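Mind looking over this structure? Questions follow.
Every chain is named by a letter (A, B, C, D, E and F) in the order it is written, and numbering of its residues begins at 1.
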Amino acid sequence: MTVVRPSERAYDEKRALRITRNFTCHAEGSVLIEMGNTKVICTASVQNSVPGFLRGKGQGWVTAEYGMLPRSTGSRMDREAARGKQSGRTQEIQRLIGRSLRAAIDLNMLGENTIYLDCDVIQADGGTRTASITGAYVALADAVASLQAKGLIEGNPLLQQVAAISVGVYQGVPVLDLDYAEDSTAETDMNVVMDDKQGVIEVQGTAEGATFSRAEMNAMMDLAEKGIAELVAAQKEALKA
Amino acid sequence: MTVVRPSERAYDEKRALRITRNFTCHAEGSVLIEMGNTKVICTASVQNSVPGFLRGKGQGWVTAEYGMLPRSTGSRMDREAARGKQSGRTQEIQRLIGRSLRAAIDLNMLGENTIYLDCDVIQADGGTRTASITGAYVALADAVASLQAKGLIEGNPLLQQVAAISVGVYQGVPVLDLDYAEDSTAETDMNVVMDDKQGVIEVQGTAEGATFSRAEMNAMMDLAEKGIAELVAAQKEALKA
Amino acid sequence: MTVVRPSERAYDEKRALRITRNFTCHAEGSVLIEMGNTKVICTASVQNSVPGFLRGKGQGWVTAEYGMLPRSTGSRMDREAARGKQSGRTQEIQRLIGRSLRAAIDLNMLGENTIYLDCDVIQADGGTRTASITGAYVALADAVASLQAKGLIEGNPLLQQVAAISVGVYQGVPVLDLDYAEDSTAETDMNVVMDDKQGVIEVQGTAEGATFSRAEMNAMMDLAEKGIAELVAAQKEALKA
Amino acid sequence: MTVVRPSERAYDEKRALRITRNFTCHAEGSVLIEMGNTKVICTASVQNSVPGFLRGKGQGWVTAEYGMLPRSTGSRMDREAARGKQSGRTQEIQRLIGRSLRAAIDLNMLGENTIYLDCDVIQADGGTRTASITGAYVALADAVASLQAKGLIEGNPLLQQVAAISVGVYQGVPVLDLDYAEDSTAETDMNVVMDDKQGVIEVQGTAEGATFSRAEMNAMMDLAEKGIAELVAAQKEALKA
Amino acid sequence: MTVVRPSERAYDEKRALRITRNFTCHAEGSVLIEMGNTKVICTASVQNSVPGFLRGKGQGWVTAEYGMLPRSTGSRMDREAARGKQSGRTQEIQRLIGRSLRAAIDLNMLGENTIYLDCDVIQADGGTRTASITGAYVALADAVASLQAKGLIEGNPLLQQVAAISVGVYQGVPVLDLDYAEDSTAETDMNVVMDDKQGVIEVQGTAEGATFSRAEMNAMMDLAEKGIAELVAAQKEALKA
Amino acid sequence: MTVVRPSERAYDEKRALRITRNFTCHAEGSVLIEMGNTKVICTASVQNSVPGFLRGKGQGWVTAEYGMLPRSTGSRMDREAARGKQSGRTQEIQRLIGRSLRAAIDLNMLGENTIYLDCDVIQADGGTRTASITGAYVALADAVASLQAKGLIEGNPLLQQVAAISVGVYQGVPVLDLDYAEDSTAETDMNVVMDDKQGVIEVQGTAEGATFSRAEMNAMMDLAEKGIAELVAAQKEALKA
């Protein structure tokens, strides 16, 4: 499996990861996650109420919103607030983040609280949605800890860690953690979300030109398992601090 | 692998399929696809122009839109035109249909034409997005044939057939082609799009409660291969008529 | 009164009418009405509540929404859900359908229930709004019957049948039930809604080029009376089945 | 035909009419029309271009927009600009005004000019749409005169005068020119638009409770003819000044 | 300080002012204010409730909305209701009007009532926002009087008069009350809102090309004091009538 | 002038300022400005074209957009992109930023280029609009330098530095640079924008409860001059690095 990646990384090597907790001062959880040049601010905000469809059921809710600063990318994008609507891509991503993180938590133990996960990309270089999920887990854990510290919930509603990474087929070779240079020319792009026991929470694979085979799919899943294991370890480390 | 499915189907048995061509009279391709109780009208409309970002490049475009009649479902949903926006789910689905069908066609050979694929669900019982893709392929083939018949394009831009089916884990057992009764309680739901040579075009799997294992993922992919092979045969049959 | 109509129908001859009940499976009333090549799915959905402005008044409500599939017409129209708003024409039509059908029912006897009438055109060849009204009445009657069958209302709130047809002046001659070929070139187009006793519920006549005279207006009303009497008979027949 | 109208007018008596030209200073035509307590500012604005669908065809266009000041009515209505959309009623009315006034003019003789008719109700007491049409004709005539005076068009594109009035059935009796007190309780409300030779341009009649008969419809049309003849005379008078 | 103003007014001379109360018949306060050629209808509407954020606090609210008729200006502007949103300028102005008039009233003494101030420009010639504020005060005073007359509030919640005027630097010279000809070419434009004791409520100054100095700012404030004193006297006079 | 400020700063003492250039990697100018706990990312993006209204005039344009991350504040705000529109406050602020920075530059010398200034608040503690202006100037200067370095413009279009600060009356005393604790209870809040020669570009002062006097206004202007002189020096320093 030899391929020269634009970043000169090995095929199974993810980018440098940095997780900074308490990045901003107001949120119950606030994390800056840096995955190479991709940088996302993930905040977790607690609100002592639930959406209408859950009222009175004694359970909580976790939901996510995603955004990119207009110049987080190589050329400036229109601001979604100014255009008056979120793109299909944005909605797809924030639905994915919300679903993924709800897998991390027992909503009944959360009580009638809502946790909003805001993932705002300040610099993009591929893999923003997976970085968002990995960072949002840490923010979520901090927000849960703050609820516990205030005595607002009993017990620990966190069920498992959740992390995500992208894999793909680049110049015929399965590779881990695509950056933008790879992502924009890869034959296949697959985002994988797992828990800390390698259980699959979500997998979304798309052939961008040629189709991909079951064998390639398996090779990509192997890489994802390796990468996510590393992310889970890093989350644990960050939360220890 | 024993499970009693609400429909009493075997675990690897898809629902009855019916493809009716020329369902409405104006479109270049018009198909009613019925997959059990799920019924979708798929039309392909040719327009002799391309979107702005492709103008002057000598290639064509294929795009999709998806909708559900308000009472296609068990309880009435709000009409998206009245609410003034398409839901995140709708956008996600129509982006998936468009991506999937663009894999069926050589956009350069299409010339500066756009084919709109409209998938409108008139009755829903699970699997509407996969039925839309399978039906839209037939409508697309008819639209291409009409372009050829009118001498508007040379050669055959169709590269391969494209079909899709859902698979999932229901009561611990991987099953093929979930209907609504299964879908709403399944542990995992996965939509698979393939070409007629079992090449994967798109895979989207979501754990709804428990995570799923690599072994379950493989079992689901096996079922999807079987189901899609049957769909591809049915498409071929329908297009022969 | 001699005129050669594009369809070769006599001046006072309406198109072939077909009413199919129980067209889809979820709605309390579901009707496919075909008036020549115009085909509309009319569903009636019951909801056990009323809009805010009626809450607590002990009466019910009937309202309508109208839509056209993008390729129900000769050339594809933009999807209103994608454009983010309903056109003025759509709103005008659905307000007309709602007003017309409210004339069919005693809202007090309906109790605090709302019946939504969704009229979705799957194939258009002129006269879609009048076909919608005629079909919606049958769907409404089925929905009322379902409320009675479930014991949710007492007595019969239906006051009278309601049906509608278009008339116009085509090449100087008043004609009944214009199809698209006539409608697009007619001098005058008039939509008439009546009950089963020839009482007028709504009349909307528009001169498209020349004005029309009182005499022409009377001739058109005579044709409308004849056509609606036939529609009323067909509704009765369909509901007997 | 005896009925005591809230205003004590005779059944065939319209309200006091006042037409003030040059009401505001910027528009090519600016008219304040007062029909009893209903007061509408009608302006005609000339723009030296046409909408996209008419470009290059050598003809002009006339279109209308309608609005009500929030407190033109008994209780304050939401401002449509703040709500972010025009109601169905507003759209229906402005489409009616536009259609009606296009009947007044030869669009080919207008050249590639657009005339916008803005009808803004500053005080409402029933009949705002018909007052708008009657007033807009005078503003249109002034705008045409200004085009002629500037040598921008040759000849007179005005084909005929256009005026409108409401009629209805109030307490069982057909009456002319309903004010709000009558309109809100009338059994039938009908708006009639005619030219100066009693040719019908548009008729829109709605039964609000009971249906209406052909005889009542004829009686209402007779009243409309009388009322519109008076309006046409008043327009002529105003334009002479 | 010599400058020839387009209107030939002295540098410290405001335009002719006319305040007409009871301009329309439905509102609790209705004022036409004319400041030279600028004409604004200001109505005050009382509603016996408060916005959600104030409910149950025993206090009232005053809020404002602003609009311009499409042809109030030299060339026709798009109608905001048709475009589907209020411009940034409109929102800025209505927020300013609301803030300014809330300074006139003790919201606690108003009880749980809301007063809507609608300022609709029917003819514009510069200074529409300041004329709106000056006129809205008179409408507000009338609305308060009507609440008192009906016994709905006790005591007088009006704290002070509020009026506003524009000042600027035109051809190097500070001048009072800019009309459109001046405003569109002035170096600086400043809007000043004061109470009847020369207390400043709001000041908004903008350099349009060159910056302005502290000395110019002081000169403009002097002119504003003079102008507002005259406006306050005129309001008093109008309210006496 | 003694007042104990929540931050224990002297009445004429601004907060600690830090300006970090090249904060993100894609934009032509990217600045993180920190004014105490207020943190704003200001980017300047160059686009080689101008808006429609300037096309073909040989001049450039500078415009600004402003946003706040949902949890930049003490309690989470709704995301404007999700709500589908920018608030009046947001529009007011971005209009102010754009106007202010256009004063810094000779648009003719900029050629047909547009510079977008995006000011995104990641942490808010009062004074976000003034910090945005001060930071945006530095980003603008970097973007201009990049245009010069690429030879895309000749000469230096920068006319002067632009900086802004808030002043106010807190507990009866004029103070410099209000933080949130002061801003939310201050009697008066005034934002001042000046160039590097103390010329006033914009002043916006609002009485929040009591009015303010000419003397207070002068005292606040004195403080603003002092504060802006310090900001201008810091900008100069940052740009030297």
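FYI, a contact is a pair of C-beta atoms (placed from the backbone, for glycine too) under 8 Å apart; a residue touches a chain by one contact, two chains touch by 3 or more.
On a predicted model such as this, the values are computed, not experimentally measured, just so you know.
Chains that touch both chain C and chain E: D. Between the contact lists of chain C and chain D, the overlap is empty.
Mostly identical positions are employed by chain E and chain F in their mutual contact, as over half of the interface residue numbers are shared between these two copies. Chain E has its Cα centroid 59 Å from the Cα centroid of chain B.
The distance from the centre of chain A to the centre of chain E, each centre being the mean of the chain's C-alpha atoms, comes to 51 Å. Centroids of chain A and chain B (each the mean of its C-alpha atoms) stand 28 Å apart. Contacts with at least two other chains are made by residues 84-85 of chain E. Contact ring, oriented from chain E toward chain F: the chain order is E, F, A, B, C, D. Against chain E, the residues of chain D that register as touching in their complex are 24-27, 30, 37, 39, 41, 43, 45, 47, 65, 67, 69-76, 79-82, 84-86, 90, 116, 118, 120, 122-124.
On the chain A side of its complex with chain B, the touching residues are 85, 88-89, 91-92, 94-95, 99, 103, 190, 194-195, 197-207, 210-214, 217-218, 221.
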